[in-house]
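Following this line, the structures themselves.
After this come two complexes, each holding subunit A, first together with subunit B and then together with subunit C.
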Partner chain A sequence: MAQSTFDRRRVNGPEESFPPMFDDEDDGGRGWTAKRCRGAEDIRPIFLQPGLVSQANGSAYIETENTKLACAVYGPRQSKTTTYSERGRLNVEVKFAPFSCVRRRAPLRDAEDRAVAIAIHQSIVSSICLELFPKSTIDVFIVVIENDGIEGCIASGSIAASTALADAGIEMLGLVASCSAGVRGDEIRLDPVEKEVAAADGTVILACMPALSSVTNVYQSGRVSAQGAMKCMELCQDRCIDVHAVMAQSLLSSRASMP
Partner chain B sequence: MTTALSKVEISYIRSSLLSAPPLRADGRSPEDFRPIAIETGVAPLANGSARVSIGESRTGRETEAEGAGGGTEVVAAVKLEVDGVGEDKEGGKVICNVSCSPAAYPHLSSPALDDLQSDLTSVLGSVLSHPSLCPKNLVIVPGQKAWALRLDTIIFADAGNVLDSLMMACRAALVDTRVPSTRSVEYRAPGRRNEVSDDIMDVDEGRNGPSSLLETREPSRIVDFELTDYWDEGGVLEARDSWPVCVTLNMLPTMHFLDATSQEESAIPLRLHAMFAFPGGKPTLHGMRMAGAGTSDLSQIRILLKDAEKYARNMWTGLEAKLAEEEARRSIKARETVLWQAATITNTFPNA
Partner chain C sequence: MSVIPDEKNPTPTNQAQSDELRAQIFQRLHPHAYLDRFLTEGVRPDGRTPEEWRDVFINVGSISTANGSALVRIGGTTIICGVKAEVAEPELDTPDQGFLVPNIDLPAICSPKFKPGPPSEEAQVLSERLNAALISTQLLPLTTLCIEPGRSVWCLYVDATCINYDGNAFDAALLAMVAALRNTTLPECTYNEETGRTTCRSRSARRPLPLNEDKVIVGLSFGVVPTPSVPMGLDTSEGKNTSQTTGPILLADPTAFEEPLLAQVVTVVVDVQGRVVSVEGGVCGKSGADHDEDEGSTFIEKSLQAAQARAKILHQLLR
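So, the complex of A and B:
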């Protein structure tokens, strides 16, 4: 007996329905064994455009092959809570669009949204001079339009958030660049896509400020040896220097093109 | 988890730790843990359970003057449920959940408590539910039914270092878990019912008698199962030495320390959680998280990882010894129960 949408006056559809699952056409192998178009130490090319959302204080749109996300920064603005806090607050909210993953995601916020938001928060919070904004909150809203691997989302999200904060003119210690790596046995591949992550033993995400050579966040999951994790982090840090150059270039050219 | 501290207290704790030699409020050295008490089999209705308390054991409660209140207390329990399995999956999964008792966090509002619960659940879930750790003997009927292992933890009291206690309790509960053995049952042509043990699957072509030439179906497969043991007996989970323990290193620019109390956690927010397991003696990293405001650099992380492996190894050997002791106690108790039951029966029916 159906409970929710049973309507006697109408012809009801089936209670449960599932979207069709299509075979992958370009499935040249399963996950890790698929030949990569890029090298093991190359990341996907980044397209980064600041100043996308006009009503926000700062915004950025990042696209790397199949991962697309948009970030908007509002702030510093007054905290809604009345408790006095000497340091400003950083609030990161991540939303996956229902059409972003292979299986439709419900529009409600769930645990995975929050986990990604916390990882991005940890990556960028140490780069902002929050002592200069007492009683204020900086809100960072990220919408994931297309998702090809959670690790890639976290890394791209941190890059977009840092760029958007710079676009908003908020004082920071440095730009945060982030890179992910997947490990399978002894083989390390940077910037793994979802299929590679599913086939990998473990993944590492590193967020750092290349200008200061400091690390803001390390996130490792899966089964990796300690030396393997260190090697991943070193490769990621080298790659983050290149990402930092891309971020700086995009910020400069967007400012130059403004009247 | 964050006690409200004044700036003076924070500066006092920081400068004591940065002095040479480092000083802590309870006189411990930076690498010392508070006394840890572990007990398994605390939840009789669960398939496996454990209680871990760091800081103040049950017996120490008479001396109230020790420290400011009790220590961190965490209980983990495992319940196995039968679950249907999709066609492409192997079957068997581990689902974790953390709930924080409001008594443990009286200063947190309800939504903040929910947030803390979901944060801890996602950390635990991302480590323990990872497919590389899924035990193989959770499958009952391949392709159809498998055990879903629900690992529920409750934090009764939090006096700092809650993630280490959670991972220790989870590991102890998982080692204590007994999976009931099952036997697969196969239904054949009506009137004949055979039982097939689940490691032998006979494919006997001619048994169905004269069948239609158009019948291209495969011979009937295993469709059901039955339990052969009592529910509190059974086999252990496979790969028991892969469940990791967690070491939390609280980071200062020049030094690090372990097992922070809640005041120390508020004063020094930056920490690194490293989860290590030692299957067959080899160290593997199962999770690493950095938490708190502050930056580090790769050279410090390299040193921290090496030290974390050392601390985790000590924690591991200690935990293994204690778990072996608990298992011996459990089997003695089981034997005593059987003898007691036999004695009761002979007493009730003396002529039987």
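So, the complex of A and C:
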């Protein structure tokens, strides 16, 4: 149900409009049992392109099958607040395009945008040398163009943000790679899509810096046993090493092709 | 990355690097004089002549969650448009008409001059102009969106998002919206009288929108730069060098660097047959105060001719 309150800053449609209902209902558990084209421990192929937004200091575009997002970094620039801060600030903002999800999202920012932004902030903040930028702010803006699973979104967002920061030339301790996993019973699947997440018992998202073998963020939601969560984290960390190689390769080839 | 138009030095030596830095500082501190230096030579900072247009790239149908989508790139300006279809009750006085709701968003990602938050003035003005262009030309007759008169109609939300803003967002957005509407497909829908619900058959083929193919429009924008302050001038319509000072210069397809320096912006909307649908001219920028009334109208004529020539190429691309 999309109820549009009258927004004087936009062109408005009818007061109430509903997404179309289809005659064959989706079975809840079918998402997990449906055949998967890749193995349980394979993630979707990543296409990562730095330097997409020419107006920004650094940017990256990431595409993994049906999840597409663009990220731009502006900074370090002057902080708007007048209070002195020894360490720089990192500001992450996420915006979902209205056509990015199966149900149309209102253009106003809501709680889900904020939650995704906080998760990405947590993933990348420990990798940046913020003490080198007093009184400054680094702004990371992410626009989600197509969304196939929030966990995949957060993981791809962290990868894109870290690549964009590297593209901007901001000093970091290491590149941050991220991977998500879904659990149903004893079965673990890496990089679940939206249908699999809806059918799963719980999910785990892990962000780490493979170059330093350190973990920056673990986010577990739903019902996952303790051993299951540890196993997820191990699998994600192994996969993050491959993701790191993809990120490094894309940054090197984008630099090589520059004049 | 800031705009560095100087591409002539591939191997940076110390001298070349300091020259580049001085050019960048000059661009930042005195943008009007910087632009004038280029215009007196007959080029613009990105290497184009004043009447040259940037390359246009269109890609449709890449977003699976939307009923129709398009990505348009005009030079650096990148706009993504998606169409979502929802079901709504029609208005009481138009029981057989659906809704077409175009909107554009200029988020903070696309340019350092946009801050996060509610739509800026520029975005609001763009949304209104696009709405006027699409509704007034009757590109999509709203009666074709009817499912059951008085009960249930389609409502198409056409949302455009800018990913990279390098000037001329109107042209790119209009192109993206028209291409996305072309790409849109709707499922077969039936209205059930007893339950009052509208259900769609998911297994049946989706039908494309019945657009008026002869009403497809493209937009073409021009900017007018006030008289260059350097003596040597270039007459754009004849392409010859004249020795005396010439008047303001018409630039086709302004970039983000040129936009704040323009005295006037003219947008021409042309349809498939080459007929001019609408002309919008506005005074803008800080140099608007020096603008001369008479010269303004001659620029509109010049832009009409240039627009009709370029519109043919854009309509070919849309096919």
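Here is the rule we go by: the second predicted complex is superposed on the first by the 234 of 259 C-alpha atoms of A that agree within 3 Å, B and C clash if a C-alpha of one lies under 4 Å from a C-alpha of the other, contacts with A are read in each partner's own complex, and residues count from 1 in each chain.
Basically, a residue touches a chain if its C-beta (ideal position, glycine included) is under 8 Å from a C-beta of that chain, and two chains touch if they have at least 3 such contacts.
Nothing here was measured: the structure is a model prediction, and the numbers come from that model.
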item	value
Contacts of A:221 with subunit B and subunit C, given as first, second, both or neither	first
Per-residue contact with subunit A, leading partner among subunit C and subunit B	C
Overlap of subunit C and subunit B interfaces on subunit A (superposed complexes)	none
Of all residues in subunit A, those that touch subunit B in their complex	111-112, 114-115, 118, 122, 125-126, 201-202, 204, 209, 212-226, 228-230, 233-234, 237
Complex contact set, residues of subunit B against subunit A	115, 118-119, 121-122, 126-127, 130, 132-133, 272, 276, 282-298, 301-302, 305-306, 309
Residues of subunit C defined as touching subunit A within the complex	1, 3, 7, 10, 62-66, 69, 76, 78, 80, 82-91, 99, 101-103, 105, 107-112, 116, 118-119, 123-124, 127-128, 131, 155, 157, 159, 161, 163-166, 187, 189, 197-203, 256
Subunit C-facing residues of subunit A, complex	2, 9-14, 16-24, 51-57, 66, 68, 70-72, 74, 93, 95, 97-102, 104, 107, 139, 141-143, 145-148, 259
